[in-house]
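Some notes on the structure that comes next.
Letters A, B, C and D mark the chains as written, and numbering starts fresh at 1 in each.
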Amino acid sequence: MIQQQQMTVISQRLIAPNIYELTMEGTLVSSMTMPGQFVHIKVSNSFDPLLRRPISICQIDQEASRFTVVYRAEGKGTKLLAEKAAGEKVDVLGPLGKGFSPDEVVRGARALLIGGGIGIPPLLQLSRELNERGVNVTHILGLRTAADVFYEEAFNELGETIITTEDGSKGTKGFVTSVELSDEFDVIYTCGPTPMLKAVMQKYAGKKVFISLEERMGCGIGACFACVCKTPDDGYKKICSDGPVFRAEEVLI
Amino acid sequence: MIQQQQMTVISQRLIAPNIYELTMEGTLVSSMTMPGQFVHIKVSNSFDPLLRRPISICQIDQEASRFTVVYRAEGKGTKLLAEKAAGEKVDVLGPLGKGFSPDEVVRGARALLIGGGIGIPPLLQLSRELNERGVNVTHILGLRTAADVFYEEAFNELGETIITTEDGSKGTKGFVTSVELSDEFDVIYTCGPTPMLKAVMQKYAGKKVFISLEERMGCGIGACFACVCKTPDDGYKKICSDGPVFRAEEVLI
Amino acid sequence: MTNSLKIDLPGLHLKNPIMPASGCFGFGREFSNLYDLSKLGAIMIKSTTLEPRFGNPTPRVAETNAGMLNAIGLQNPGLHKVMAEELPWLDTFDVPIIANVAGTAMEDYVETAKEISKAPNVHALELNISCPNVKCGGIQFGTDPETAKELTKAVKNVSEVPVYVKLSPNVSDIVSIAKAVESGGADGLTMINTLVGMRIDLKTAKPVLANKTGGLSGPAIKPVAIRMIHDVSQNVSIPIIGMGGISTAEDVLEFFLAGASAVAVGTANFVNPFVCPEIIDTLPELLTSLGYEHISECTGRSWRKHEQYTGYRP
Amino acid sequence: MTNSLKIDLPGLHLKNPIMPASGCFGFGREFSNLYDLSKLGAIMIKSTTLEPRFGNPTPRVAETNAGMLNAIGLQNPGLHKVMAEELPWLDTFDVPIIANVAGTAMEDYVETAKEISKAPNVHALELNISCPNVKCGGIQFGTDPETAKELTKAVKNVSEVPVYVKLSPNVSDIVSIAKAVESGGADGLTMINTLVGMRIDLKTAKPVLANKTGGLSGPAIKPVAIRMIHDVSQNVSIPIIGMGGISTAEDVLEFFLAGASAVAVGTANFVNPFVCPEIIDTLPELLTSLGYEHISECTGRSWRKHEQYTGYRP
């Protein structure tokens, strides 16, 4: 169930240049059921900035009623969000959308998780849940440069983790699609910038690929038609409520 | 000289219902020369609220580079200002306008200071400076009810202080003009709501009366013509830069 | 208590004068997961056109200071599907529907209005002659008084329910459009639609919206809406449903004082999806605190002699 | 470095294209206590009328969300005093003056324009046909294309310096006004003036401003200004000085990309009196970071083919 809640900031820290990890607490967490869902955050009480900011859920701790997001502080809203300190309240609407369904794979299956930049965080919760289900997980995480890398250890604990950097300062030089793996995968999950999603879909064409899309949003709940994308059958999907995660074949990007 | 400065909040406390006392520190204080001047405060970095808020200077501590304002948290801007805690920065433009000139009276003269509500604070610094100049000061402070009274002791230390409350819950029942004093005064300074100023001017007609005016402001420095009032000679004065303090005869209110 | 909010307008017996604005609430399905739609005074459904429309390419929204731009382009499933699926579903709630009708030619408007006005829960039409986001149709009907009048007449001729006309603020003289529409037989006005605006991305040097321009809504435009309602309400004798930047009960009252007899809330639903029920809950107390017994006392009070008038009476 | 900001416009050789907007800077005296006025590209002085004007009763300003309303009512000391005192004083600075001329009848405008254009430091006129805050005169000249053209012609006939016409955004079709003014001989356009708006005080139930309506300015109106400049710049071949909600160097660039060749800063001077010099200081770096060598490359880039054009050339 979607709730709107003043959640309490538990911690906020810088984990890479301009990348913040923010943990919040509140009963809203109990509704978070699927990795890949997102929350819509009002970063200030002011009318400026006016709109909420969509941010993916990165980690869920049901026992502590806490969840974590990781975001890049770039524009007006996310910079204000980065100023929130422990104990402050943040207005969260969520959980929103449909995430990655870990049910798509069975125990013992092999899953490849490919994340680019700020698309990496939602894969962490997914990888955890896949692991819990006994799925064998491999990660490819693409970043610009060595300094941008975050959560390497956390992913390492969950499965083989290959880092790529555009400048080659760490891991494989190039993009996430530069990595050649000999293994066969039953399912591929990917999240990142649209050009990366396209490249991944091309490289793994014919496979079962799940992608997570981004679009400018108004309501975040499916009411305003801001965030639609076309589908192959000339229909449309709303990224905020039908997605953000789709089977690659479902949508035209 | 007018400066714009990010000043540091030293303390903020509630001194009566909705009335806050805020002390800030910065080199800007060195330009504060006249009691009755004001500062123009930007209460947030957001465009909403957009405009600065004019607030009178209440106490100046040149040695510590600190000054104090007292204000009522009522609308959007002043409520945000009331949230500022020690250590935070506040954008202050000032000092602005022309205040009460304590030079108008000589040592041994008698001055009557009449303040109403949130018009009381600027009289505190004035009274101090008059005292320093050896002027004999009497205060009449008008408030709605006993709970609203603040700074009674501080004024008491500077001269006889008569409190009036509308409901009679403290001091004289009625308005500041209900007080009958047998003494003759050489000069009267008054600050408060316009109806009170008018009543004071009427009661003390013929005396040397100084009044402090309020008006909605744009720039606060005399450039936008938002805050004019007419003068008896068919001219005008800008309250922000020619005032806010005027000789009663100078302006039509 | 909420009795202080009951309002009657042509075709509309409203338990309260608060309704979501067209395009900001879809057909209510999403919000029905958040609260009981029966709580609302009415619902203005998304603009419906004769044929289904996909709308404009994305990005379709952009944020501005205290406002937002949208260029959805009237995406909707078309008259047939709205009649067959959306309206019957909405009929499960105890809330009157104001059906917003859009088109690209007079005939579209007329045909859509005729059909949709037959739905049992559609109690009024809102004629959208002010959408700035479609190439042809929409706004050109709303900038010329004569065209606006003709369209109103044609739709009135076929509609089974009262017709409200939604005015565009992008005009030199909104009073003359309002009068024209009134003389065309409109039962009421709704105003304002969005102001045309644009944002440009510094990095790409291109407009942020794929459609380039979009409609500006939200708190930024509130003073423009207030002014126009103030001017129009003094010059027509049909009621006005006011909108443009409403986010709080205080805003609602400001619209009433300007001359509105009911209000719609648009953009604020995105910021706080519970805004409509919250306003409905807080409005009675605000009225009391200001000394009003009924919200209708407020209509036009900023310009009326108080004795003279106590709100629109049908 | 600041060479990247040098701009030539009809009558104006500007060291940079940043100037305070008329009415937000008086005649510069107050700001001269804060910084050296010679730093500015130009100064648009307060609207000057033939006779002195006291203006409207107070309150004259009201805050709105991300904006403000003003109804100053063109208070100014009148042509004679401006010529005798303000302009000579301004001549002590190395900064061209754009004299904003207002009136209530064609003759006033012509007489004021004729005289003030003779002042040695007045390098251009700005014809205010868009002030929403005076009963007669001002805005009615700006909403009818024919009247706007006639006035422009009449003023051009007598002015010793190029004439810029200041357009009102409160019109259905700003492009047609712009074209009319161009055909009347205008050397440039300045846009936009304020949108008409209103705020109502809940406690008194009356408009906050004594004049009831006022002009809306500030960040709230920026998307409207951008849209209008984008539309007009594609349809005229005279340069545009853009304004409406500019507060930062980024805003300046957005106006250039829309189609402006210079900009004016109004309301932001009240929020931060140092805003103009701050923008002038930060703009070169912003240009560099976006890969531009000169700000004129940006003019109209949101709609021009890049090869085609590199800014207005006199």
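To be clear about the criterion, a contact is a pair of C-beta atoms (placed from the backbone, for glycine too) under 8 Å apart; a residue touches a chain by one contact, two chains touch by 3 or more.
Chains and their UniProt names: A, B = Dihydroorotate dehydrogenase B (NAD(+)), electron transfer subunit; C, D = Dihydroorotate dehydrogenase.
Bear in mind that the values here come from a model prediction, so they are computed numbers and not experimental data.
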Most widely separated chain from chain C, with each centre as the mean of CA atoms: B
Chain pair that, of all pairs, has the most C-beta pairs in contact: C-D
Between chain D and chain C, distance of the C-alpha-averaged centres to the nearest whole Å: 34
Inter-chain centre distance, chain B versus chain C - centres from mean C-alpha coordinates, in Å: 46
Shared interface positions of chain A, touching two or more other chains: 47-48
Numbers and ranges of chain C residues touching at least 2 other chains: 64-67, 219-220
Chain-level touch network, classified as line, ring, star, complete or other: complete
Interface residues, chain C side, partner chain D - complex: 64-67, 69, 143, 170-173, 195-200, 202-203, 205-207, 212-213, 216, 219-224, 226-227, 230, 245, 250, 253-254, 257-258, 290, 298, 301-302
Partner chain D, residues of chain B touching it in the complex: 1-2, 4, 42, 47-52, 93, 215-230, 236, 241
Residue ranges of chain D in contact with chain A within the complex: 65-66, 219
In the complex, chain A residues that touch chain B: 44, 46-48
Partner chain A, residues of chain C touching it in the complex: 23-26, 29-31, 33-34, 46, 54-55, 58-68, 70, 72, 75, 218-220, 247, 267, 269-274
